[in-house]
Amino acid sequence: MANGSLTTTAPTVLPLGPLSRFLAGDTGGTILLAVLAVAGVLVPILNLAVPEGSALHISTYTVTLLGKYLTYALLALSVDLIWGFCGILSLGHGAFFALGGYAMGMYLMRQIGTRGEYGHPVLPDFMVFLDWERLPWFWYGFDQFWFAALMVVAVPGTLAFVFGWLAFRSRVTGVYFSIMTQALTYALMLAFFRNEMGLGGNNGLTDFKDLLGFPLQADGTRIGLFLASVLAVGLGYLVCRFIVTSRLGRVVTAIRDAEARVRFTGYRVEHYKVWLFAVSAMLAGIAGALYVPQVGIINPSELSPVKSIEAVVWVALGGRGTLFGAVGGAVLVSYAKTLFTGWAPDIWPFFLGGLFVVVTLFLPAGIVGLLNRFKKEPQS
Amino acid sequence: EKDPIKVGVLHSLSGTMAISETTLKDTMLMLIEEQNEQGGLLGRKLKPVVVDPASDWPLFAEKARELLAKKKVDVIFGSWTSVSRKSVLPVVEELNGLMFYPVQYEGEESSENIFYTGAAPNQQSVPAVDYLMNEVGVERWVLEGTDYVFPRTTNKILKQYLVDHGVAEADIRINYTPFGHSDWQSEVSRIKEFGSQGKKTAVVSTINGDANVPFYKELANQDVSAEDIPVIAMSVGEQELSGIDTEPLVGHMAAWNYFMSVPTKRNIQFIRQWHDHIGDKGRVTNDPMEAHYLGFNMWVKAVQQAGTTDVDAVKDAIIGVSVPNLTGGIATMMPNHHITKPVLIGEIQPDGQFSVVWETPGTVAGDAWSDYLPGSKDLIADWRNPLSCGNYNVETGECSGQNVE
Amino acid sequence: MSLLETAKAFSERDRVFDAVLPKADFHGDLDTRHGPVLYVEDVTVSFDGFRALDALNLYIDDGELRCIIGPNGAGKTTMMDVVTGKTRPDTGSVYFGSRIDLLKRSETEIAQGGVGRKFQKPTVFPRHTTEENLQLARAGDKGVWASLFHRPEEAERARVADVLTLTGLAGEAGRPAGALSHGQKQWLEIGMLLMQNPRLLLLDEPVAGMTGQEMERTAELFQSLEGSHAVVVVEHDMEFVRSIAREVTVLHQGSVLAEGDMATVQNDPKVVEVYLGE
Amino acid sequence: MSKEIPITSPHGRRAGAESLAGLLILLLGLLLAPPAHAAPFSDQVQALHTSSSADKAAAVKALGATGHPRAQKVLQAMLDGRLFHQVDGGTVVFAEKGGDGYQYRLTDAATGSDLGTAERWGVRRVKINNRLRSEVRQTLAALRLQNPEPEARLTAAEDLIGELDPDNTALVERRLTEESDPAVRAALEAAVGLARLDREDPQARAGAIALLDGSLYAPVRSRLETLAEEDPAPEVRKEAAAMLDGIHTRLAFFDGAETLFFGLSLGSVLMLAAMGLAITFGVMGVINMAHGELIMIGAYTTYVVQQLMPGHIGWSLAVAIPAAFLVSGAFGVAMERSVIRFLYGRPLETLLATFGISLILQQLVRSVFTALNRPVETPAWMSGSLQINPAFSLTFNRLYILIFALAVFFALLLVLKRTSLGLKIRAVTQNRQMARALGVRSNWVDALTFGLGSGIAGVAGVALSQLTNVGPNLGQAYIVDSFLVVVLGGVGNLWGTLVGGLSLGVINKLLEPMAGAVLAKVLLLGLIILFIQRRPRGLFPQRGRAAEG
Amino acid sequence: MLEVSGINQFYGESHTLWDLAMEAPQGACTCLMGRNGVGKTTLLKAVMGLLPVRSGSIRVNGADLAGKPAEARARAGVGYVPQGREIFPQLTVEENLRVPLGVRRGTTIPDLVFDLFPVLKEMRRRRGGDLSGGQQQQLAIGRALVLEPELLLLDEPTEGIQPNVVREIGEVIRYLNAEMGLTVLVVEQKLHFARQVGDRFCIMDRGRVVTDGPMDRLDQELVQSYLTV
């Protein structure tokens, strides 16, 4: 959806003073924010106010789908932030996404209360079922939303910080780093599969009832979650944009291109990398937290290496190092997947795989590169 | 022309589960085609709506929603893994859909909108253990499983069951391996060791999917034959065997509610029909296919009885509906949304088929809540009025879980 | 490599982490009361048994302009690697001023502490513009948060403009540095050093690939730095060396072969034999 | 220990036994024939058609006692599930599947005369359960003790351990005095010793224990354990405990050896899977997400080769190896020429493209071969195990794969280090432009290199087809591990792949008993992550100035 | 030997070589000179086929090479010593020298190379990337000679090399030039070296050849107007 409207002219002046100054020269970003704003206003109206039979009505199915795409978009943003700008290819960002998701999932589980299958007031069903007597220590606090919200950023952030600190200070770089992140998410996946972990094993966390008191299955809640996702992507974009246009952003790109030179220029490369990695992980965590209530389940398959690779693929396809390209890539690929799996269920991987190959071959700078080419053509 | 009745088929056609689920999609297409040839249902044609949830659990939820909300299907046949069912469950409950789930599973669930046509633990593993204990004289037990919910539950139930029947804890070995585990050298060697203590030993295997082939290959290579230590599997059927060289596995067993080799007229006809449909005489049939066959026929009957495809009407009508099994006997939909099934134990033959060595005298009704688990022994499910509850606690007299507000 | 060696290499850890270092007094009180700003004493470096530096001793006075010459492979670049923390010597000590032990510092700390370096092969940030390259090199707080909220002030802009003119790159200010020619990159790297404003400059073959007249300009530039900065220049271009040199050190096979003013060194028969030729 | 190492395989045993059937039957008659058996042979065969397993067991025994030349055939057929009875009339017959799969060709079991064909539902299999099966086996085992082949005698003797009843103990004791083969002797001693342990006289029991010295047979051990605790005679208890100690020490040693072998063989699989990637990724720098699918193609090639030469399973692998190399190699060359060559210098984008290719290849086999696994047969020479002693054996398939992996490794090393192609490969991958400027045809070299890496992946697929499923997901299962091995070893260093792969295997197997398979893997990954902190460029890093950058 | 005419070359959008024409006569040593960034390296790369040109012809021995890939040009006898050396870092010195073997006539490394640069013999087994800058430069020249080229392109071959070796390189060029009839095109900034080796000079400015002629015609005036800033 963001892509569809990219070619239309965006409002050049936004009514917001500092924001428009900040976005000056950033056409892609302006368009992205405009699209988000429009979607944020129109979608709820078309879903709630327009009657179901009308051609303009947007079904709750679509709203949920869009919300899910947006969380993917936020994940893609976080990947682009470190990959596109710092050259750190993380093949394990799905881990941060999933951890954020699990933090949210744990909150949602605790909200179930006595409404579980076994009706236990405190323990989630799977614990009753495994004969657990007490709630494991790490489940404490998750009955409070603020605590869960904190954990959504703190857990991925801390993991990224520790992992990054270990790796960057030893100068683990390039593919070595990438494969280690893959090992990280793979190890987490195996660990989370274990029922002893206390997080639901293979089935993960599911059967959620409500969030902050609002029933998850109500249309209003879904719209609320959708709006939260719109907001998260918008803010996420602004934060990323602020980072990459700051001097820190320049240092980071310098690290990407000539790491040794940066070091001899007097910057502590590892500090920059760890910082950026942790920030990126937190964004991914937020994305995960928004994802879970919208799809209704979180389980270890989110930690599988392929999921993380998919996130990288979104970014590469949209256009690396452009931020809004990442958003576009995520939405486009997810939409393509939704479309193809319904439309050609027997052979859709041919189309999706083909799409990836074609884009790499003919659009070296991703979809964004293609749009840029169009934009330049009339001038030259 | 009246609008066709839409039947959603929600089985993975790509990804890790495609290997099992693709067949079920084809089965559904075959059943629908046959029904249409017989004039459809309520004078309307049936139209399959196939989507691919790609072995991706959240995608299952999304696709279920797509089927119900967008494609407006009247019923869904789908899912294989428990987690995919769990992922779909809230969606079908929210949108009040109907889903038939065809695979043997761990139980501990009964949803108003789901019909479980595969075996619950009491229809598969418990009788299997009975057989081994009474007929084969097994005294030592290895409960070997993949680390996920179905094996965990099954093994818990079995352990309780064995202990209740006087087996010492030291004579039970429980082990879990990860999904897709492919290096079985050490585990097989340990099973060998465990089984060499003089008491008759058997392995009850809840090993899932792809991990089975390397497991059996390793058994064969380490010369563990079925006479020494028989393996009885809960997830290995004809289809899984069709991917293995079965020569070395002869004599190992499986417990199911259906075997392709059972020579009833109905079954032979079904096999022929399947071969015609798929265009390959080498293809096998298996238990989940029968489950879909039963589920589909029950649904058809219920719709005919109700005279409509309306979900609530069908839901009420289907309880008590009976259809014949492929292997003889009658399957009936119970109030807890599980069905009655015969339990068969088969030994693997060199041709990849099973020969039935034992079966329950009659059919067994599926038990949604196991009697051998402390958390669920007091729970029952009954979706008829006035109880209409999936987890009614007979002790407290309460309907716990989702229906309490 | 044998397994044993692998195992050994695995068990030893030759890098010191920044975190465990005592927070030392890099800034402010560089102690040069004894004259030299850089002490290189008995430094030996070997690679797979090959000695690139062999008990090298070298002292650079504060504010001095020193030329180092020597045959290819004599160890000049390696010496700079040691001083800037890129290579850890097997033995020996390197002090910056008489108190700061450079061997205990990371590259970053050394650079922040006031040692600037130009590499033999020009290294710049290829995808940043020439101007950004200079801005990034500028001395100042280089912490993460400081960078995040940094906004360029007037003084910084002026300084960048000055250096652009000084290095003849004013016309290239907006071009990505990767697109500069070899000679232009040399200039840019020197410009970055100027922005960094270090106490000690290590310049590895700064005029390679420059035309005669550019060399003259470079010479002037270096001479203007003399006094306020210690400058160490490695060069093979004798004309250039002659034009700037007061004190010259000749390295050969990893240690000092001769030292003195240009005339003495030039006439040293050993130097003529291994380096200059007849 | 200086025992000979007998090589056995279940198939081998069976085949050997069958060829000597005639002789055996004769001996059987001599040894076991009770004085008078009046019933004709065909009636005794017919007696197998009964629903009671007790009757059936008796019939088996009786049949064994007849000494009739066809008895062995009938018993063997029963064991193999080829013995049927007709639904009408109940004649016991051999039935072979023929025609369209619903037709059976029948032969009279007792006489061997042709009975024409029957519908699938015209016959029922003579049911045999595991209890009966071991009955049949034991009946045959006693005969085989006379077999001139030590191998066959060993199997027979082993089948009798713990199963002797007073009747045949004497027979086996007699046999023991004549036996010269040490392994067979050990087995017979174990059998006899165990039988004698049942005697009343404590002296005799103690003597029997001596006969069990150092025996590694499992029944011996468990029997001794009970004896050491429960025997009424204290001296017997002591004797048994002492003997057990010795046995346990030996067992511990062989346990260690076994773990090492398991580790190496797991490692060899990892290494084999990773080796192709060590070329395409390690040497060429292509993040080849389709590597797993190239392995998969190799495995499917094995399947197709076996389909094409149905009668020659023994040779099929020898054909499949070059075939898989060529097929996967061709896929690799096609990939390189059509996609990857446009991406040199943009290594990260190869990830996107090859990910797409991997999706396409998976779907391709799904569309061509269906999503089901394909059965790949294991040739007889690869099944079974090399029995070093009763407690330690090396499975043949693993052993061959280990050897094969090493062979592939050294061949590859030779190509890269000693041939001019190898030099050009390395030159091109280090500096493509400059290599071209020196006249190296980089197009060729690139295509060949990628083809080589892909071909090796295909060859790995042949090996994997012997261990695991041949299905569309085969590749996915190995891709993560492959990358890990290459990176752990050090990108660009083939030795690293060898050492990395093998050590991962061994460490995994060391951890597994302690932590269980799941946790072992998690721990291993954790260890790798920590290890990389110490060696940020793997076990064998690229060294020198350029690498340090 | 080498005739270049009408070459236009672009880096992306920026036009670097403008209708450039020049020649390097058979058997002579031509010195290409010019300020930083005028396009000397670009021209050499274009001749070698490492950069695409938009138009123009490049003839070696009368055969038009434009459009041919670099390897074909190497096979046609063009040797190249790039600016920045471009050694294969992970190959040993000897392996570096062996790369061009089999491309043209030679199958072994000619002794000439080790005679000219004894240090290479000494360092035969060490990784090319480990050598010092100057040693690498010698290796780069040696490697180009293994190809036994007829036309040798050298891009600032004396950069970073010690004075006595510089002189030797000068002699080598003269030797190859005079004794073996090799045509040489060398980019050189240092005037005295250029004067030592060159028969002819050729001066570039902003992507064009502005003047050329025999070396003795290179006077102070030309130097002043084209080689100083």
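Chains here go by letter, A, B, C, D and E, matching the order in which they are written, and residues are numbered from 1 within each.
Please note the rule applied: a contact is a pair of C-beta atoms (placed from the backbone, for glycine too) under 8 Å apart; a residue touches a chain by one contact, two chains touch by 3 or more.
Here the structure is a predicted model, which is why all the values come from computation and not from measurement.
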For chain A and chain C, the contact-path distance works out to 1
Any chain touching chain A and chain B at once appears in the list D
Of all chains, the one whose CA centroid lies most distant from that of chain E is B
So the chain most remote from chain C by C-alpha centre is B
Rounded to the nearest Å, the gap between Cα centres of chain A and chain E is 52
Averaging C-alpha coordinates per chain, one finds the centres of chain C and chain D separated by a number of Å equal to 63
Distance in whole angstrom between the CA centres of chain C and chain E is 30
Per the C-alpha centroid definition, the whole-Å distance linking chain B and chain E comes out as 75
Going by residue number, chain E touches two or more other chains at 130
Among all residues of chain D, those touching at least two other chains are 362-363, 476, 518, 521, 534, 544
By the touch definition above, chain A meets two or more other chains at residues 170, 190, 193-194, 260, 346, 348-349
Seen from chain B, its contact residues with chain A in the complex are 13-14, 50-54, 56-59, 61-63, 65-66, 69-70, 82-83, 86-87, 89-91, 94, 108-109, 147-149, 152-153, 178-179, 373-376, 379, 390-391, 393, 398, 400-402, 404-405
Given the complex, residues on chain C that touch chain A span 15, 17-19, 84, 86, 106-108, 111-112, 116-117, 123-128, 132, 135-137, 139, 142-144, 147-150, 152, 192, 196
Note: in the complex, chain E contacts chain C through residues 11, 14, 35-37, 41, 83-84, 119, 126, 130-135, 137-138, 156, 159-168, 189-191, 223, 227-229
As the complex stands, chain B meets chain D at residues 13-16, 18-19, 22-23, 135-136, 147, 175-178, 180-183, 185-187, 189-190, 192-193, 196-198, 210, 213-214, 217-218, 220-223, 225-227, 230, 239-240, 242-245, 248, 250-251, 263, 268, 281, 347, 349-351, 355, 357
Touching chain A in the complex, chain D uses residues 281, 287, 289, 339, 342-343, 346, 348-353, 355-360, 362-364, 367, 476, 480, 483-484, 487, 491, 518-519, 521-522, 525-526, 528-530, 532-534, 536-538, 549
